[in-house]
Structures are given as C-alpha cells and as structure tokens.
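These notes open a run of structures that come right after.
Across the two complexes that follow, subunit A remains constant while its partner is subunit B and subsequently subunit C.
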Partner chain A sequence: MSVARRAFIQMSVGATVGILFTPTVWTALDDVSIWTQNWPWIPKLTYGEAKSLPTVSKMCESGCAVKVRTVAGQAFGTEGNTDNLLSGGGICPLCANGVQVMNSPSRIKAPMLNGKEISWDDAKALVSEKLAAAGSNVAVISGDQTGTVNEVFSGLLVNQGSDAFYSMPSDLQKADKAWTDLMGGSGQIGYDMENADVVLLAGADALESWGPTVANKKAFASNENGTFIFAGPVQTRTASVTSKWVPVPAEGMAAFVLGITYYVLQAGKSVPAADFDQFKAMVMRGYTPAKVEAATGVKADVMAEIAKQLLSADSPVVVPGGSVAANTAAFALNLLLGGAMKVLPEFGKAVETAMTRSEMLKQDILKGVSADVLLVYEANPFYVLPEKIKAGFTVAFDSVNTETTAAADLVLPTPHSYERYDDLASPYGVAVATYSLGTPVSKPTLNVMNAADFVLGLTDLGFESFQEVLEAKVAAVGADIDELAEGSAYVLEESADVSGVTLAANVLGKAAIPVKGNGAVALAPYTLLNVGTANQATTPNAPSTISNNQLIGDNLVVMMASVTAKKLGVDVGSKVKLSGGNGECEALVQVFEGVLPGVVAAPLGMGHTVGDEFSKGKGDNVYKILTVSSEAAAGASTWAGSTVNVAKI
Partner chain B sequence: MQVKEFKIKWGMVIDIDKCTGCGACMVGCQVENNIAPMTKKDPYNYVQALTWDRDDAANKLKVLTWLTVYELSNGAAFPNHETAYLPRPCMQCGNPACVPVCPVVATEKNEEGGIVSQIYPRCIGCRYCMAACPYHARYFNWWDPIWPEGMDKGLSPSVSVRPRGVVEKCNFCHSRYLDAKNKARQDGGDPMNLPDGAYNTACADICPTKAITFGDLNNPEHKVHELAKSKNAFRLLEKLGLAPQVYYMSEREWVRKQGDNYNADGGDHGAPSNSHG
Partner chain C sequence: MQSEFNRCDFHINFRVMGQKVMEERRSSKRCGGVLPFIIGFLATCVLGWVVIPGLFFEDVEQPVRFSHDIHVEGQGMDCESCHYFRDDGSYAGFPANEGCAECHAVDPVEAMEAIAEAGIDSSDYDAIVKAEIGAIEDNLASESDENKQAEREYVVKYLIQGKEVPWLNYQYQPDNVYFSHKAHEGLDIAELAEMKSELSSVVDGAVFDEPAEQNCNLCHLKDIAKNDTPPAFERNILSGYSKTTMKMWKCERCHALKGQPNACYTCHK
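This part shows the complex of A and B:
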C-alpha cells in the first residue's frame, strides 16, 4: 500500500486536530504532575480495638511505670500509669518514645558472633564452654538498677565462684557506699519529697535526671507548700523551678553540707550515734562557715539561711548527688534533722544464692574491670569508660546496637521492655519500698530471648524460666501477682533499722575537703533525659526537643558564664577543644549565666559512634574528658572535681 | 475581626513555675499526632547521590514541633540569672490571625469548642497563615513523612498522616475530643457538657509535673476556669488582641512581663534567649 502525499498531509492535520481536542493528553500531563509530586510511600493506619496495657519501661535509669497503647494488638504509644505511684500519669521523655525504639531498625535481630548470625543453641554451647574455661574469672556489668534479672546474673557469678558484679556508675551506688559501708547502715535511702516542707537538693538534679525523676516530679507538683532549694554548679532544669538556686561547685558539695550542719549542731541538734561527739568536734573545728566559704566560695550567710529554713521545718530533707562524701554528709545532716529521709528495707530474694542489692554495688567499675569472660547486660560501658574494660571474651545482651555490642564478641538480643517479663523494685530515691511488675504487651518480632532465660540455661539456679523467677520474687515480696499485672505497685511502708548507724566522723573529716584537678576550668557534666543516659541514647522523636544549648547541627555545645568566656577568650559560637581525662572533645560555646564562674557545663550522652541516625555522630562524648579520681578517704572513685583545658580552634 | 465566642471554649493553663522543660510533652505530641522523626536519608529516593540530604532534627527551622518548649532567661548575669521554660502549643486564638489570610479556607474557627482547625486536603501550602501567626505555632511540612523501616507499624490510629507541602499545627488533639464526645454519647452523658478530664490533650496527660491543665474555660466545673482568672495568669502577646485560649501562670514577674513582650525599659530581654524550635 502506498501513501500519497495528500493522504499523509490529511492524516497529519487530522491527528493534530484530534490531539488538540482529546482530553487524554492533558489528563495524562495532569496525572504526571500529580504523581511525580506524590510521596512514594503511603502510610497505612491500623484500625481496631484500642487498649491501654500496663507494664514497666526500663529505658531510663530508674524505670517508668507506663501503659502501652495498642490498636488491634499493635503498640503505638506510651502513656503514664495513674494506678502506679511511680508515675501518677506522667512519664519521662525517653520512655515516652518506647514503642518507636521497639520498632526501630537499630534493634538487634538475631544472635551474632563476631558479626555473623548464629543459633541460640550454638550461642549457649559457646558461652557454656567459655564459662567452664574461665572458672571464677567471670564478671558481669549490669545497666539495670532495679530488676530481678540481676539476681539471676549474680546467681551465675556465685555458681562460678566470682563476686565480680559491677553496676554502671550511679547515684544509687554512691548512696549505698556512704550508707552501708561508711555509716554502717542497712537498707536503701529514700526521700519523702512529697511531704517534706523544705527540700534541699544538694547536687541532686531530681527533677531532670537524678533518681526516679517522674516520681520526684509528681512529688514536686503535689507538694504545693514545700520549699525546694537546688544547690549545684549549674542552674539546671531542676533549678528553673525551685525557689532558689545556690551555686556550689560539685567538689565542694560535701563541705557545703557540713557548713550547714555546723549551724544545725550549733542549734543543739544531736543523734544517739556512737561517734556523735567526734562528728560534732570535727564539724565545729574543720567546717566552720568561714572555712567552708574559703573552700567553696559559698557565703556563710547563705548556709546560715538554709540551716535556719531546715531547722524551722517540720519535715526537712537533704537530697545529695555527686560524691560519696556528699552523700555521707547529707545522710548525717538528715539524721540530725530527723526529717523526711527514709530507710527502705530490701525485698526478699527469689534466687537464694543471689547477691543482695547492696552486695551488687560493692565493686567499683571506675577502677576497671578485668575478666576472662565478661557478660554485659543492657549497659554501655564501652561508650562510658572503654579504657577500663579488659575482657578475653565479651557477651553483650542488649536490644539495640551500641558501642558495647559493637565491641563484644557475642551479641545476644534481648526483647524490648514491652515484649518481656521484667520488674522494677524500689528505684533509688523513692520514699517507700515499691515493687512493680512488667508483662509483655507486644509480641516479639525478632529472634530474641530474655537474658535471664539464657542465663538460666547455663547454670542451675533452681528455675526453668525467668517467669518462674519473677513468680518467686512476687511471693518473696508478699504481693499479689494479679494486682501487679494490672499495673498497680506493691508498697511496703516499713522502715529498715537505723540503730547502730554512725556518722562516719573519722572518714568524713578528710573526705569532704574539696579536691579539684589542675585544668584551667572545672567541668560540670550534666544529664538530660531527652539527650540520653549512659546506657540509652536519645530516641527517634527526641532530637527535635534537644535545645541549641546542647547541640547545634552535629556540634556539641558547652555552656559557661560570660565572665568565664571572657577569661578564656571565647564568645558565643566559638569552636573550642576541651581536653581532660583520657581525651578531647570539640564543642561550640554558649554563654549561659546560670553556670558558676570558672566552670564549663557539658551534656553527657552524645557523641555515639554506633547506633541509629538520631544519636550517631551527634555532638561529642563528654565521658572522654571526665577524670576519674580517688576519693581516698571514702575508698571510692569519683568523676567529681574533673577539670579541663579549653583551647580555641 | 471580632473575637469569636462559643458556648464551650477549650483552653489550657500552663504553669511555668512547674515546667522543667524535660521535653516529654513534645515527644508525646509527636507520637499522638503521627509526626515522623526527621531522617536525613530517603530510602525511596533512588537518585540520592544527586540530591541534597533531607533535614534532620538539628535544623530547627524545618522541624514539625506543634508543641515547642522555649527557654526563657531573665537576662541577668551570674549570680542573679534566672531561667524558665515555656511550652507553646497553638494558642487557638479567639480572633485568629491565620484564619482570614487563608485563600482556600483550609483553616477555620467554626466548631463548638473554639479549636482552630487545619484541613490538610484543602491546604495549598502557601504559608500565608505561618506569616500571619505571631506565635510561630504553624509548621510547613517540608519533607515527606518517612518513618525508618519498621517504625511505621506503630502509628496512632486517630490522626491521618500528612503529605509534604502542607501547613500543620496543634489542634488540641482534636481526635481525642471526638472520642470523648462519642464516649459520652455511648455512656448516656451529654457530649456538649463533658466532665473535667474527659477530654485531655496528650501533652497534658504525659506531663510529669502536671504543669499543663486542660479543660473548658467557660465551664465553672473545670479547673482551667478558675486558673485562667488567677492573679498570676497571663496570655502571650495579649496586646495584639488575638485572644488566645492558652493561658500561662507564673509567680515570677519577669516571666509575666516577657509573656507580653514587655519592652518598657527598652531592654533587650524581650525574646527568649534560646529555644528548642
């Protein structure tokens, strides 16, 4: 068939006219413009029955009592548990993001040996073999302060003939050292901030990062007539709502408390402690207000005023943070005042051979850990103090990737808090002994195993599963398991015996003397829960809550008063290098007048080298520049008194 | 424009003397309202190597923080320095500046309760409302909401996910209002007279110090009714006449003065020194 010239022209004209009149082309263009702008992924919401299920969350140090919101069985949110006295409806910013962390791609999906996936049976055989070879040269580092899982791990150690149970550095450990070792007490110290009429927070950032923060905040909110005073080197978030901020250097906290004690003793207060006379003589001679003012810079009349407030209160309490000496001094002052400091008894054990909580706190991780086999449970020591850990074979139990799982030989994934049985016994600082139980509220989707179940398969502790251990624990506590499973906390209003407690006069006299490093400025490290803790990095939704006083872009921000900045020759936005301890940090300067002159305030919890995009490479790791020094008189190690040199870059 | 009055007026009273700035409310808000975490990489962008990274949460100009906690400073040098934290949701103004400027009626103040709506399918992303709002309470959705792999399993069932290119803002967790009214109907109650606490926002629920109190400002049985009238109560930029339904309280005079951008002494401490958002 041939096409004549005329036919070709007719067809071309017809096609052009046709195209002009048909809507197809224009609709297609419209569709292209829409679909090229459309998002490639359309999120689908799940609909179904909504529930709110109680459990515990172990993401923050003290743990939160929460309710997990689910729809059609799928968890999506976390809210507070009004039925539990630890929460009262509130939760901390870390636990508020619990479900998102549970669903995070940074979860560990299966057991890994040196980067290669292995089966649970092979992992068990390997660890059994390593433990048999190591004998008693086995150590445990636990990042859990409140769980019965520690009984299982310590039971394993006891069976191996080892006592090397380490906890990560904590206020609980300092308080225990002061109370049980130096003062001869038993039980755990608590503070009734809800019913106290004057609360002196001596270094304890209680409304942000110290102790059971949510319970503390609840106590603060309901204590409408109480006066809260915060003492510390930085005007923290706690200080933003207290009646008063008293600037006190961290290393001078013990001396500051003894300076107040001087006035309290002068007012005739006494306690029937064996060494009371010695204590009184030590304070009246060595910690006169003039001497304390010279050593700490805190004016004598400030201490006199606080002492007056404490003395005139019906139920005052001093809540310490920082060194063992500061804890000892605060406990002695509380005993003199006879106020709202409580001594909580420890609940009975489930595992007979396990260590007590106090025994688990005896080892000092800052002095270093060395073992043939090291088991690390949901802790991140390779982020906090990597140079202190020496192990032939490291097993890391965790639910997400961290510096510690990256450094470990064998990584064993644990279920997230919401996917497992767990418990929460008396977080440090609560006013009464409390016990809460966590039950799984979401099905595990990964190849995970509760660490305690794994350990029970390695050694004979008389239990087949961790669930059985928890049932035994609940029985030992004397609680009703059904009530606990519904989310309420069991409360024991008893007090531990305080007879025979001394005031540690012989130790405190020396231990309270401020000791500082020789760097140019003092370093005041601080923790914000939305930034993260030693064991838990920031969570997916939290970065947008981090202020430009902590992080700008990917740069760490350190704060100092304008006089300090002037002295160092830096200004807002200057890039500086801080050197101290075992390393260096780079940071931008922010001027914040709520920092004691001569002090640089730096946030802990950033600068991760392993983890998800929300924490990795964000800021710098301030733990690198902390200096471990010995509280010689108290027989402990401390980071208080750390100093750094600051160089502009 | 006149202040629009309703029989029910949902409002907040935020006690600044109780807020520690912990950020739990901001996290709770994002979870409740399906606000995606900010991620640099887009797994669906197959030409990533040729394009810029998305913004992460470090870029405070691009984050979607319907509720932002600002840090206030009294501007004094050490040792007289004081600091405070101010959470800022949408003020749900009685006379909103954002509503009349919207060319497509994507934002309205019409519903009983006085919550200023934001109708995402109508929004054309012109951002006039953002320019009009003196509280910076509106946010433009610069990027597709992308949850890292697996995290999209845990989305709140009550709030639809918005595409990029629209303006978003706090709506006092409006779906909770609908839920509370439905529950009242089921239980034989009056949906137009909800008891105090029957409808509460996610931020007020989660706040550990209970700094945020939420309720009907017109209902004498609701706590906010009295709290909003207390001698320490104030509203932000009250002189603009936008009649916000969010009140603040502080015993500290400098905080109250900053709330109205008080500048009588010509000082430079009118604006927050630092902010989260």
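This part shows the complex of A and C:
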C-alpha cells in the first residue's frame, strides 16, 4: 500500500513537471485572460458597410439637413450635410443628438389610450368616432414649421369645416403676421446675411437660436467683410461675436428700429408704398431720436451711427426678432434701404384643399385653444402654455414622451425623423426658397406610424400614403425627387411680388410704443439650442455643454447686471423666486454685466416634468412666468414686455 | 523477569519493523525509483501536446453550407464578387443578402405572401420547406438535391426573412482591434517567403511552397476558396475565439519583421 503511495506521489510530481513542458497550461492561462475580456454584458459592435445617408431632422424648429451615419443599416451618428445649403456641413446641437434620441428609453413604443396600449385599428376607430362627433370643433397644434405634414393636418381640418390650425409661437408666425396681415405682402421674408455688408440683428439671436441657425452661422463665417450688429437686452452668444452689441429692451425693439428709420427717412430714402407719406410723418413725428431714447434708453447717437452704417452699405439688412411690431418696423426699414431682405415665394401645395403656410399661421395660440377634439403634432403646448389649452379629447402625435403626451387622452407614436419620410420647405430666415426631402435611413423598431399616414386613414385627401403626398409635393415644387433623395436641396431663386405692400403706418405708430408689465424687473427669456426649445427638451449629450450661467446642479440660473442685483438685494449664488405671468420659478443668481440693467435674463427650455433623465427635473420652466400681453394695435399677442418680481429665498 | 521479557519483545518488534522498511525500499527500487516520475512526466507531455489542446475547441458548423467551389468553379465568380473593397476603402468581408439576391432571385415579398396564404408561420422553417412553396422552389438555382437543400435553407431562414446570415468568421478579432485589409493588400507571399523561417510560428509554411496569386492564405484558411463544404469553426471553449484567430503576438512579430510600427494605436481603437 505504502509502495503505491510513494509511486503515486512520484508520478504526480512527474506529471506536474511534464505538463509544464507542454503548451496546455500557458495556453489555458492565455485563453482565460481573454475570457475575462468577454463578459456577456459588454456590448458587441455591429459590422457591415458604413454609410452616410442624407435625410432631414425635425428636432430643432428650423429643421436641419443632415447625414446619418450607419453601419450595417444601424444608425450610430449624425453629421451635417455638405451637399445641402441649409447645412453646408454644419448641424445644430439638437439634431446632432438625433440618434441618441431615436434610441432613447423615452420613446413612445405603441399607441396608448389613457395609459393603456391599444391597437392602431382601435385608435383609428376611436379618433374617427371623436371627429365625427366633434364636427367642426376640431383643432390642430403643430410643432412643425416646415413640413408638408401640415398640409395633411390642415386638409383634415378643412374637411371637418374648421380653420383652427395653430402653430407654436415662433418668429415665423410674427414675421408672417407683420408681412402678410399688416403690410399686405405675400410669401415669406428671408435675409441674405451671407452677401449683406451690414447686418443689424434687431433681437434676432441668429447665431444661436433664431431662424436656420446652421445656415446663419455659415453665412456669418463666409461673410468676412460684413459688419454684424446685435441689438437686444442680453449680450447673447450672437452678440459676443458681432462687431457691436447695442443694449435694447425687448419691448422697445420696434421703437429702436423706428428711431433708426428716422435717420434713414431724413436721408431722403423712400419707397413707392401707398402709405409712405403717412409712414414718414408717423416716424418723423412720433419716433424722433429723443423720444426713442426716452422710451428705450438707447442713445440717439448710437441710432444715428447705425443708420449711417446702413445707409452707406450697398446691401444692408435688418433682421428682427420679438414682437410683431418689431418685425413690421424692420420690414419697413428694409424696404426703405432696399438691401438684402428677400421675399420668398411659397411652393405649390400637394394637398389641394390644404391651407397655405400663411393661413396656417393665422391662429394665435397665445390667445388660447379650445376644441372638442385637439390633435397635437410633435409640439409641447402643455409644457409652454398649459393653462391655454382646453380640449375635450386630446390626441398627441409624438415620438417621445412629453408633458403633452402625458396630458393627452390618446398618444400615437410617430417614427423618429430618421425612420420616416418627411420634408423641409424654406425654414424661416433663409435667403432663398429651398426644399429638402427626408427619407428613412433607419428601420423603425417600435410600433409607430407616421402621423400623416394615420390622418390619411381618417379623411379623404386623395392620397393613400404620406409618401404619395410627398411625391406630389416634389412635383408641385418642380424638383427632381432623385436629387432630393441624395440630399441636395432644391433652390428657387424667384422672389414673391411685393407690389401693393404698405408700411403699416396706421398700425405701427401705436404698436411700436414700448409696453411693459408691472413687475420689479423686466424678464428677458432666451433660448439656447443645447438647453432645448419649446417642443424639444435637451438631448442626451447636450447637458454637459450647458454652462453654469444656465444650470447649476438641478437649479435654474438667471443672470442680471450687478446694479440690478444690488437693487434687488441679491448676489451671485442667491436663491430667488421669480413671480410673473401665472406662475413662479426658483433660480440661482448669476451676475453678468452683459444684461441690460433692470432686466433678468432666464433660459427657456428647462424644468420638464416628463422626459428622460437628461431633461426631467433640471432647472425650472421659465414659460410659467412669461406674461402674455396683447399687441392691441397689431392684433397679436406677445411675451415681449414680460416682467417679474424677484424675492430672495 | 518481566522487564527482561519486555526488552526482548521490543527488540523483536523493532527488527520486524526494520525488515518492513527495507522491503519497502527494495520494492520501491523494483518499481524503478524515478520511473513513476518519468511515467507521469511523459504521460502529461503526451496529453499536453497531443490530447488536451484539442479539448479546448468545439466544432461549430456554419449556419449555411456555403460552397465556394460551386460559386467559383461552377458559376465563374471571382473572389471580388463577394469580398471586395468598398469605395471608402473598407472591406466587405462577408456578402450581405443584397448581394446574394442578385443571383438567388427569390422575391421575399412574394415568398412571404405565399407562406401566409399557405397558413404557415413564417418562422417555422421546417414547415415552409416541407410545403414546397412555389415562389421559393421555382427560383432555386441549384441542381443537385444536396446543393438545393443548402440553398433552400439559406433562402427560407435568411433571404426571405430579411435576416443576414450570421457567418462564423474563422479569423474573428475582438472589437477593440481594427484590422485593415487595405493596409495589408500589398503583402506579397513570394516576397515574404524570404522570411519563411522567421515567420514559421506565424504563418503555415505550406503557404510559401506554392505561393498563391493573392495573399489571403497568409491569414485565412489555406485554399478556403476551393472548398465545397466549409470547414467547422473551431471555437475555443474558454475565450470563444476561433482556433485560427491570429493572436496579438503574431501580429506584432510580423509587423516587427516587416519594420512596421507596433504601437498600441496601430491596431487598437
């Protein structure tokens, strides 16, 4: 027995030594080390052909022409589209995160009726029943400013006997109100900032959030000899790169423009408008530099200097932002200067019975919406104007969860921009009429349906699918669908007819008078695309780019000049409560001398109560403290002139 | 008396014990002394060199029996028909359905409609095959039953379903490595033959005997382009990689011999 034991031990030692003379142990160790690198939870890459596919993205208000990068058919990134003049290779901060939003857990996965999943057939039957019962008491709110999907929705309204098509508050709407309603023009105003030699951005934060920001930045970058001047209550990022920042209160922008107009008229400029004499008399009498200085605080010599620059320029342009009055004043001044303001024709319609773009902009959502059935398309009115929306039955079409989908009775998921057919016609601000087409570049992974396809199933508009509608639209535009599908934009260099346009002298004289609220300080809300817009919350990669001037931790940050802070008894880091409109906001104070004294600058787009981890509970919702006031003379509503009371807490 | 007896007994016991120890030692010597050690040594050497390495791998068959021979010899296709450089220089390693469908002309929509009409679940492959759907059967290009079965399997399981074939890559590399076929396109087997001995641990020496026109054999299975039934994918049961996956030291050796950089970022992302 003991003999065997000894031999066994000797054999074992021999075996152990022997195995070390083979590759087994060493190979096994190597394999184990590799095994430790392959845990099942480590994501695997997908391999395949890498493509860069053109389409359009509708996450920002203007829409971006983009190229989506895919591998083996799966989207993984977005970049600008060098082939499309709207992009020129650039992309806005919202659309840059398109793929991340497409893959967000906040996506709506199936039709939901009061929180319970239903089939598309049931949804269609339910909406059909509601529409039949509502008759003409149906309204649509659209968050899309540029798409033919609006033709489909407006076609539905027309068939219902309703004209209640609402767009979310926008510069486009104010410009249209000024140009078509007050001045009697047609078409859409555009600005050739690339070729202008003097550009006065009168409240238009063009390099950050106003108009087609990407195209604006490209124009700014390529216009090396042009002089850009920014006027507004806050030294925005746009103001930080322009030649000059002129501090002008938002409610005084129209008067400021008319103050400049005074000098232009004094220089003998005229325009063959029927009411030119009346206009001239109104400006020369009511908007003298002294009066404007008294009303806005802008020195007369500053206005005189700007007028001189505009008059000496070959192709000057004034780009307005803010109230309808400010837009009207700017358009009148542009007509006098005869510079780089353009009037773009509207493309032909695909849906014969649909409203024109201008007709879709007529309803004033700030005055409130009331309907038996309300259809909301990719807009978030319950975040911006919750108290203004009254509906018996709300249907929300969107791709992600928002305050509006949370408030809606029926939620119908739309495909993300990259998963659907869509189009982008002349975003407000571009210098020429452009048309771009978006085609699906990624297969939908959720139970979604294009909203237009759903609507086409509810009413007879002569089309079976939205794809057919877009084909008809391309034909109406006169573009080549194959070229559009490759990502280029169709450009129409024509101008709309401006004969018969007036200067709205009878309205502007009263509308341009600054009107301010009763609060302790003026409120200057501003938009940064990385923070979000009225319809689109900030996106997954963007929060890391939001500065301490907008958000610290989960706290909203408002900025004010040191003199304002002193007056209010607050300092850097003070926690304050801002009261205005129908609500309150909590914020931390930041002192910034780039804010007009007596003004508090607050970023819009935060304080979401619904959404993903990147937007929900971050900051506070400044829309709550905006005051809707009536531009009585212009027949419009405005947030300009909002004031707030500030209390330290 | 008593103590004398005990002392004697102790001496007897001690002697017996000593005899046993001696017997053990003799017995041990009879077993060869170091012989068990040698036996153990040789046994594990044989196991370690011959038997155990094979146990690290399991054979996994390709999802579809793809015959290079039929496509190359039978249909006159060349390597670049499927394995080509894209315009951006990236390499299309495996063909996608889009390419295969150019010849395997079964209309997926028509086929799926026919399957639905037949009342068959589109994921029940056996039932689809058994039903001999005309929209599929009439468009199969193969002639022999064996080849037709392989083609049918591809069409039913992948082509009409819109799924790409999950081909097993014999040279599968981890995600953190980027291998550029374009950068290695110019390697010439005849030139490398001068380094045959230095590369003996990296490349199969037989590759240099009759240098092929293209250099695929340097890394890929030799003459894979001529086989009729693809060889099994030998999967390492620990690491999951292919037996023929080139390990980092092999890449480094070849790079060093060719005077190429061996910095981490040369291959790692």
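Just so it is clear, the second predicted complex is superposed on the first by the 608 of 649 C-alpha atoms of A that agree within 3 Å, B and C clash if a C-alpha of one lies under 4 Å from a C-alpha of the other, contacts with A are read in each partner's own complex, and residues count from 1 in each chain.
The rule is short, and it goes like this: contacts are C-beta pairs under 8 Å (C-beta built on N, C-alpha and C of every residue); 3 or more make two chains touch, one makes a residue touch a chain.
Everything quoted here is computed from the prediction, not taken from an experiment.
Once the two complexes are laid over each other on the shared chain, residue contacts for A:238 go to subunit B alone; subunit C is not touched. One of subunit B and subunit C touches more residues of subunit A, and that partner is B.
In the superposition on chain A, contact of A:527 is made with neither subunit B nor subunit C. After overlaying the two complexes on the shared chain, residue contacts for A:137 are found with neither subunit B nor subunit C. By the touch criterion stated above, A:28 is placed in contact with subunit C alone, subunit B being left untouched. Look at A:93: by the touch rule set out above, it reaches subunit B but stays clear of subunit C. By the touch criterion defined above, A:417 reaches neither subunit B nor subunit C. In the superposition on chain A, A:50 makes contact with both subunit B and subunit C. Overlaid on A, the two complexes show subunit B and subunit C touching the same residues of subunit A, namely 37-38, 44-45, 47-48, 50. Here subunit C touches subunit A in the complex through residues 24, 27-28, 31, 34-45, 47-49, 52-53, 56, 86, 88, 90, 92-93, 96, 164, 174-175, 236, 238-241, 247, going by the rule given at the top.
Put simply, subunit B touches subunit A in their complex at residues 17-24, 26-28, 30-32, 34-35, 37-41, 44, 56-58, 60, 63-65, 69, 71, 73, 76-79, 81-85, 144-157, 160-161, 163-165, 202, 205-211, 274-277. By the touch criterion given at the top, residues 2-3, 6-19, 21-25, 27-28, 30-32, 34-35, 37-38, 44-45, 47-50, 72 of subunit A touch subunit C in their complex. Against subunit B, in their complex, subunit A makes its touches with residues 37-41, 43-48, 50, 71, 74-80, 88-93, 96-97, 99-100, 102-105, 107, 207-208, 213-214, 217-218, 220-221, 235, 237-241, 245, 247, 528-530, 539-549, 551-554, 561-563, 590, 592-597, 612-614, 618.
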